Amino acid sequence: MTVLLFGFEPFLEYKENPSQLIVEALNGSTILKEEVKGVILPVEYEKIEDLIVTKIREMKPILTLGIGVAPGRAKITPEKIAINYKYSREGDNAGKKYKGEKIDPLGQDGIFTNIPVEDLVDLLNENGIPAELSLSAGSYLCNNAMYIIIREARKYNSLGGFIHVPLHESYAARIQRPIPSMSLDTMIRGIRLSMEFILTNKKENLTFS
Amino acid sequence: MTVLLFGFEPFLEYKENPSQLIVEALNGSTILKEEVKGVILPVEYEKIEDLIVTKIREMKPILTLGIGVAPGRAKITPEKIAINYKYSREGDNAGKKYKGEKIDPLGQDGIFTNIPVEDLVDLLNENGIPAELSLSAGSYLCNNAMYIIIREARKYNSLGGFIHVPLHESYAARIQRPIPSMSLDTMIRGIRLSMEFILTNKKENLTFS
Amino acid sequence: MTVLLFGFEPFLEYKENPSQLIVEALNGSTILKEEVKGVILPVEYEKIEDLIVTKIREMKPILTLGIGVAPGRAKITPEKIAINYKYSREGDNAGKKYKGEKIDPLGQDGIFTNIPVEDLVDLLNENGIPAELSLSAGSYLCNNAMYIIIREARKYNSLGGFIHVPLHESYAARIQRPIPSMSLDTMIRGIRLSMEFILTNKKENLTFS
Amino acid sequence: MTVLLFGFEPFLEYKENPSQLIVEALNGSTILKEEVKGVILPVEYEKIEDLIVTKIREMKPILTLGIGVAPGRAKITPEKIAINYKYSREGDNAGKKYKGEKIDPLGQDGIFTNIPVEDLVDLLNENGIPAELSLSAGSYLCNNAMYIIIREARKYNSLGGFIHVPLHESYAARIQRPIPSMSLDTMIRGIRLSMEFILTNKKENLTFS
C-alpha cells in the first residue's frame, strides 16, 4: 500500500518552501511497511485539483497527507477542517486571485479530516515537537488542496488530511522580521511520526465522521 | 585564556531553562584554543552580582558572555545595551521584586556591550541561524547580569555581552500557547559560532566605545 | 420586523465582556425601521442551544447576529463559517469541557454564514473601523452559538451570522500584557453599521449558498 | 511657562502619523495653566537635532515631551531610556540610514527620562487607557529625538521624555494586517492626562537621577 504526501513549490516572497523539502526528504521512505510517495504541487489554483484527483485515483493510497507552510506560525498545526472557499488578496503563482468563490460548486461548506488530529497533536507534543490544533487552513492553495484531498480520500475509503508547518530556520534567517521557525529536522521527524501514528490508528478512523 | 559563559537556572513557570542546557553543553569545550568555562547563575537579584564579579576576577576571561531565555522571542537576539534598572512585576526565585531601583547607584544609566552585535547578527543569519539585534534585555535578571558583566569586563579590558535565546522546542511542546521556539542544537551551534566570531574580531573591539 | 442580537456574559478571567456592553447599548434601537432586540447568553454549552432556538422561533427575526469577544484580536472580525465541533482546554462557566464532540450529531461539518462578510469587511474599513475576515470562530461557545444561529436562521429563510470583537480599551488597561483593544464607541458604531449594511443588502443574501 | 510637545510627519509606508494628529490637537491648549506648544518634526536624522535644541533654548519649557508612533504596539508606551545609537534598515524621509553610529559622540550610552514613567503607566491604566512601560524607543528617529530632548531638558533643569503610541484606528483600517490600533480620542486624552500628571508631580522629578 502507499502513503501519498503532497508538498508545494515556493510562492510569493518565499523562495524556499519547507513543505517541498520535507516531502522530498520523506519521498521513497517506508512507514510501517507502507511506501511514501511524495508529489510537489504547483501553487496554482487551476492545476492542483486534477493533479490531486489523478494521483489519488492512480495510487489508491491508504493515507493522503498534504503539507503546507504557514509563515508566522510557531508550531506544527494539523488541520481539522477544509472549507469550500477560495479567497486571497495575493494571486497564486499564475497571478490568479479569488474573493470567495467555491472550490466545489456542489460540495459541502466544510469537511472534517478523518485523521485523529486532536490525538496527533498530543502525540507530537509528547515527543517534544511543538504542535497545536488548527481550525483554519486559510483560503489559499493549502485549504484548496486539503478540501480536494479529503473529498477524494473519502471516495476510496481512505484517510485524508493536511498539516501546516512553520518556516524552516535557515529561511527565517533570511527574513528581517521576528518570524518564528522550526528546524527542518524536527519538522521531518514530526511528519514521519504523524504518518506512523495515523497508520497505527487507521482502523478506528476509516469510517467517516 | 578563558571564555566565561553564564546561564541561568529555571524560573517562574519555566521548569527548564535553555540557557542552562546551552552553557552546560559548551562547558569544557574549546573555542580557538580558549577554554570555555560555564557557570549557572541562580535567578536571584541578591546573589548574581557577587557571583559574576568573583568569577570574572578569578578567571580574568578574555570574553564573558551571558545567555538568557526570552520566552516569546523567535530568534537569537544579541543585546546592544544593559540598563541600570531593576523592574519586574513577578518576583525572582526568592520572591524579590523591584519597581525601578538602580542596579548600581553610581553607575551610568545604560552601557553598551563592546561585542560587535550588529555584525554578529549578520554572521548568524548567514549561517542559517535566525538572529536579530535587540535593544532591550528587559529589566529582570538577564539585564541585571548583563549590566554587571559589561561593567566588570571593562575593568579587565575584556569583552562582555549578553545573548537572549528563544525557548527550546521540546519545552515549547509543553506549553499550550503558539509560543515560538528553536531547536537546542541550533542554539548551541549559534552560541559557539558567536564566541568564535567575537574572539576572531576581538582586537578591534577591546577599546571601549 | 426584528433584528436579534446575541452577546455573552463575562467568562474565564475576563470579568467584563464587550459583547454584552455592545448588545446592551444597541438593544431597543432601530436599524432601518427594524427594532433591535438584544439577548445576553450564558457562557454554558448546555444552555445556549435552547435559548437561541427559542428566541429565533419566537421573534422570527430577519437577521440574527451573534457578537463575541476574541481576546488578542486587534480588529472586528466577521466570521465566514461555523464548524460542528466543541473543543476547549478550559471549561465554560459551568466547568464543562469538550475534546472534539459535535454540536449537532446530524449536522454538516461546517456551515457558511449567509451574510456578505467579505463586503462587510470592506464597508467597515472604508468607514475607518479596523476589520478583517475570519475563517475560524474557534471551538468554544462563540462557534457553538454561530452554528446554531446559522442553522436556525436558514429554517426561517432569514440571515444568520457572527462577529468577533477585540477587548475594549478600558478592560485591556487592566491586563498587564500588550493585548490589543478597540474603543467601545468604535465597536458599537461598527456593529450598528454592520446591521445597516446587512439589512440594506438582504434581498441578494436570502437565498442560501 | 510652556509645555513643548514634539510629533512627527508621516514616514515610510505610513501616510498618516498619529503623533502629528495628537500634537496638532493639543497645540494651543493649556495644562494646569501652562500653554502647550506643538511642533511637528521632519523624519530626517540630519534635521531634528537643531530643531529640538533651538526650540528648547527659545521656549525654556518646563516639560518637553516627544510623541511617536510605534506601528504594531497595542498600548501607549512611555519610554524609560534613550540610547546613543542610530540603526535602521530603512532610510529616513531623506533616505538616510545608519548601522550603529552614535547620536552624540561625547554622550553617554543611555540616558533615563526624568519623567516618572512607572507611575504614569499606572495612572493611564487606572483611567482606562491601555499603557505599558517600554524599555526601548528603538534606534530610528523617535529614539534619536528622545535622546536630544532628555539631554537638552537636563541643561535647563526641566523635564524631558518620550511616549510611543499605537497606530490610530482609522489608519489601521487601511492596512490589511491584523495590526493593533487605538482610537485617536483615547490617545489625545492619554497624552493630556500624561502632561497633567507629569506637571503635578514635577517638583520631585526635577533633580536628575
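For clarity, chains are labelled A, B, C and D in written order, and residue numbers in each chain start from 1.
One rule holds in what follows: a residue touches a chain if its C-beta (ideal position, glycine included) is under 8 Å from a C-beta of that chain, and two chains touch if they have at least 3 such contacts.
A quick map from chain label to UniProt name: A, B, C, D = Pyrrolidone-carboxylate peptidase 2.
Predicted model only: the values in this text are computed from it and were never measured.
Trainee: Using the touch definition up top, find the fewest steps from chain B to chain C.
Mentor: Counted as steps through touching chains, the separation is 2.
Trainee: What's the farthest chain from chain A if centres are computed as the mean of the Cα atoms?
Mentor: Centroid comparison gives D as the farthest chain from chain A.
Trainee: Compare the contact pairs of A-B with those of each option in B-D, C-D or A-C, and report the one where over half match by residue number.
Mentor: C-D
Trainee: Counting in whole Å, what is the centre-to-centre distance of chain C and chain D, each centre being its mean C-alpha position?
Mentor: The separation of the two C-alpha centroids amounts to 38 Å.
Trainee: Approximately how many whole Å separate the CA-defined centres of chain A and chain D?
Mentor: One centre to the other, that is 46 Å.
Trainee: Report the inter-centroid distance (CA atoms only) between chain A and chain C in whole Å.
Mentor: Distance between chain centres, rounded to whole Å: 30 Å.
Trainee: Provide the list of chain B residues touching at least two other chains, using ranges where the numbers run on.
Mentor: Within chain B, residues 176 contact more than one other chain.
Trainee: Can you name every pair of chains that touch?
Mentor: A-B, A-C, B-D, C-D
Trainee: Could you please specify the touching residues of chain C with respect to chain D in the complex?
Mentor: Contacts found on chain C: 73-75, 124-132, 169-170, 172-174, 176, 178-183, 185-186.
Trainee: Can you check the complex and tell me which residues of chain D touch chain B?
Mentor: These residues of chain D touch chain B: 80-81, 83-85, 87, 99-100, 102, 108-112, 118, 133, 135-136, 138-139, 209.
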